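The structure appears below as structure tokens.
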Amino acid sequence: MNAQVLFGQLLIGLINGSFYAMMSLGLALIFGLLGIANIAQGAFYMMGAFFTWMLLRWFNVGYFAALALVPIAIGVIGMAIERLLLARIYKLDHMYGLLLTFGILMLVQGLFVWLFATAGRPYPAPAALSGGFDLGFMFLPKYRVWVVFASLAFCLATWLVIEKTPLGRTLRAATENPMLTRAFGVNVPALMTFGFGVGVALAGAAGLLAAPIYSVSPIMGGDLIIVVFAVVVIGGMGSILGSIVTSLVLGLLEGATRVVYPQGANMVIFVIMIAVLLVRPAGLFGRER
Amino acid sequence: MADPVSLSLHDVHGFYGESHVLHGLSLDVVRGEAVSIIGRNGAGKTTMMRAIMGLLERRSGSIIVKGVETIVAAPERIARLGVGYVPEDRGIYSSLDVTENLLLPPRVGDDCMSLVDIYRLFPNLEERRRSQGTRLSGGEQQMLAIARVLRTGADLFLLDEPTEGLAPVIVQRICAAIVGMKEKGHTIVLVEQNVDVAAHIADRHYIMEHGRIIDLITRSELDARSDRLKSALGI
Amino acid sequence: MKEANVDKLGWILLAAALFVAPWLFYPLFLVKVLCYALFACAFNLLLGSCGLMSFGHAAFFGSAAYVAGHAAKVWGLPFEASLLCGVAAAALLGVVFGYISIRRQGIYFAMITLALAQLIFFIALQLPFTHAEDGRTGIPRGRVLGLFALDNNIVLYYTTAVIFLGAFALIRLIMNSVFGQIVRAVRDNEMRATSLGFDVNRYKLLAFTLSAAIAGLAGANKAIAFKLATLVDVHWTTSGNVVLMTLLGGLGALFGPVAGAIVFVTLENYLADSGLPVQLVIGAIFILCIVLFRRGIVGEIEHFVRRR
């Protein structure tokens, strides 16, 4: 077997795994705080990629400026949606949250298909990150290395904020017991809005990182979020580090499958989900809620 | 802050889902005084505390905290008027360690204790400051719950059965801490099943039954009417 | 009026409406409405009886469509046998999916069914007999009972109407049976049902399988009526559409899914000519439904009548 193919696919697997990690981290943050399984996370990922593309095409704003602007823009849009729509259904069964965010996914995806059609649009990797290293046994594109590090940095930063800062302390308290936390004077509804913004900003950032790798298309998020749901079922949403590791391992397994049995690559995570459910119904790091 | 009445409830009704728990509750607490709420299980004491904190789904009537009507206010707004709440289940967070539990509530008043003062008052907590909150013993959890609101600078405290299920030695220490709070001029509303503790701390005792106040016993009447107090608790 | 009488009246009205409908509307439109209505009823059977909201029912609808289409075209089986093949495939898939997914509840159940259905989508993309992107086309309609050619749209319509009415009555029968009572007891208090000695998972699995089989019947009927089975039938948007139809009609109301399907198919037909993307409008309706009128059409009507 060709080493370039094997390591190339493993690298793609690692990249996908780090996207899964960012997406599932956002998902877990939002689920813990709002009790909503935010399937619209896929739409925010897609918007992240599209905004990056728009900034370059329409305003000539480059990749690194987008790196700062896009997550903020996505976060602000997310917070507006939370205030406008999600805040109305907190008292209802969690199921309604999934339904509502499903509607948001359909609406946003439909809107972008209407405006941009489904064909993919290429986005060039920034000059500073184009090219690559020749390792002898394989060619290692700079941008792909950057993506792995950048997304892990996003994940670790989120983890640090949640575990080590006053803000994270308050977030954990509001996740565990929102009403009591309010009774201590913490504005939990505002915190939920903020948390939703951060959660979807992570998805938007993943979309931005993905733009130079996958072509930017309105339907790029819908299929991804279903895979991420499977990742979350496998890993559970209880542990941040657990879900990062699960995501990376599953991404690598997917990459390896693409080498051995290409037809099975987009099925392997679902098959692993089935196996895990049969052996450990609550997931690997599962805490049933 | 000239208002001498710290907390005033008038004709308060409270509901848990469909069940009507508080039936026209009225009481007043003057600034700097300690009152106890005494009644059997199910009389609505904890519900009353939750109603004051804005934690009930549905409530009506009037609840005035330091001159501000709070019947429709959100819990965080009520807390920020300077109210410190120690819930019946102590409300210690398992995802936070002891220090984090202590530091969680934001400042709501000026007269607050520092972490150093807190650890001086409850040395056990300092020893266990890195432990997960819910790994503490019941007594330590109770100290933590009280210490947590002392740090915020609140001056109106709602303490829901702070001595329940604790060993006598611990009960004494908790009592001493509460008396200390009172001596600083703080206002205290205490739900208590332990008559001795209540008698030791409170200036007045409200007797509660079926979600309303049915009697009031002052400190000076206590000796003469201790039977009434005990019958209210079903002892 | 007594409940039993309301019920009887409902059935008479439904049968009468089904009888006269082809004079008022285009028969193929009605066939589509009935297929989707049956699909939504199947979904609602699982939701109403077990409280389980599946986000993967397209898997049953779509696989039955493929299998029935294959049976009719390649194996040359008659109409009824092709339908049965589709139903059997969906039921079999239902047993497997059910066995895996009923271990979890609520949100996780929905996420698992969604993921399982996506697996079926990818399998359908790979298997040769589905013809991937092209879909299974040119499925022959055949003859019903070997006598009447289904290529006549009126015959097709009445055949579909009879199938729908039969399946609808079956769902009603299941819901009112002892089995229906037990699964509802499980839904309301699983612990209690377990402590009473019921094998909770067995009942859930049976309800799941029944729901999958009926969804399969709807899919098979649709494939033969429209001579077509495609990847759209197994796609997650189809799973979402059936949720929307049920939601639109009103969760839990018996006639809700029918009302929802009528609105949905009408809307889809209308949008096809308007140039507006279906997904965008459907997403907007989803959002409006949940934020503004959660009771759905039938639910709102019932609520209105009750208040009067």
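Order of writing sets the labels: A, B and C. Residues in every chain begin at 1.
Keep in mind that, in the parts below, a contact is a pair of C-beta atoms (placed from the backbone, for glycine too) under 8 Å apart; a residue touches a chain by one contact, two chains touch by 3 or more.
Just so it is clear, the structure is predicted and the values come from calculations on it, not from any experiment.
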| Which one of the chains is farthest from chain B, going by Cα centres? | C
| said: Comparing chain centres built from Cα atoms against the global Cα centre, which chain wins on proximity? | reply: A
| With chain centres defined as C-alpha means, what is the inter-centre distance between chain A and chain B in Å? | 44
| request: Report the inter-chain centroid distance for chain A and chain C in whole angstrom, where each centroid is the mean of the CA atoms. | output: 32
| task | Could you tell me the distance, in whole angstrom, between the mean C-alpha positions of chain B and chain C? | result | 55
| message | Give the residues of chain C touching no fewer than two other chains, as numbers and ranges. | response | none
| remark: Listed in rising order, the residues of chain C that touch chain A in the complex are 53, 55, 100-101, 103-104, 106-108, 110-112, 114-116, 118-119, 122-123, 126, 236-237, 240, 243, 247, 276-287, 289-291, 294
| Considering the complex alone, what residue numbers of chain B touch chain A? | 53-55, 74-76, 78-80, 85, 87, 91, 93-96, 100, 103-106, 108, 148-149, 152
| task | Going by the contact rule at the top, pick out the chain A residues touching chain C in the complex. | result | 31, 37, 85, 88-89, 92-96, 98-100, 102-111, 113-114, 222-223, 226-227, 229-230, 232-233, 263, 266-267, 270-271, 273-274, 277-278, 281-282
| Okay, in this complex, where on chain A does chain B touch? | 166, 169-170, 172-173, 175-177, 179-189
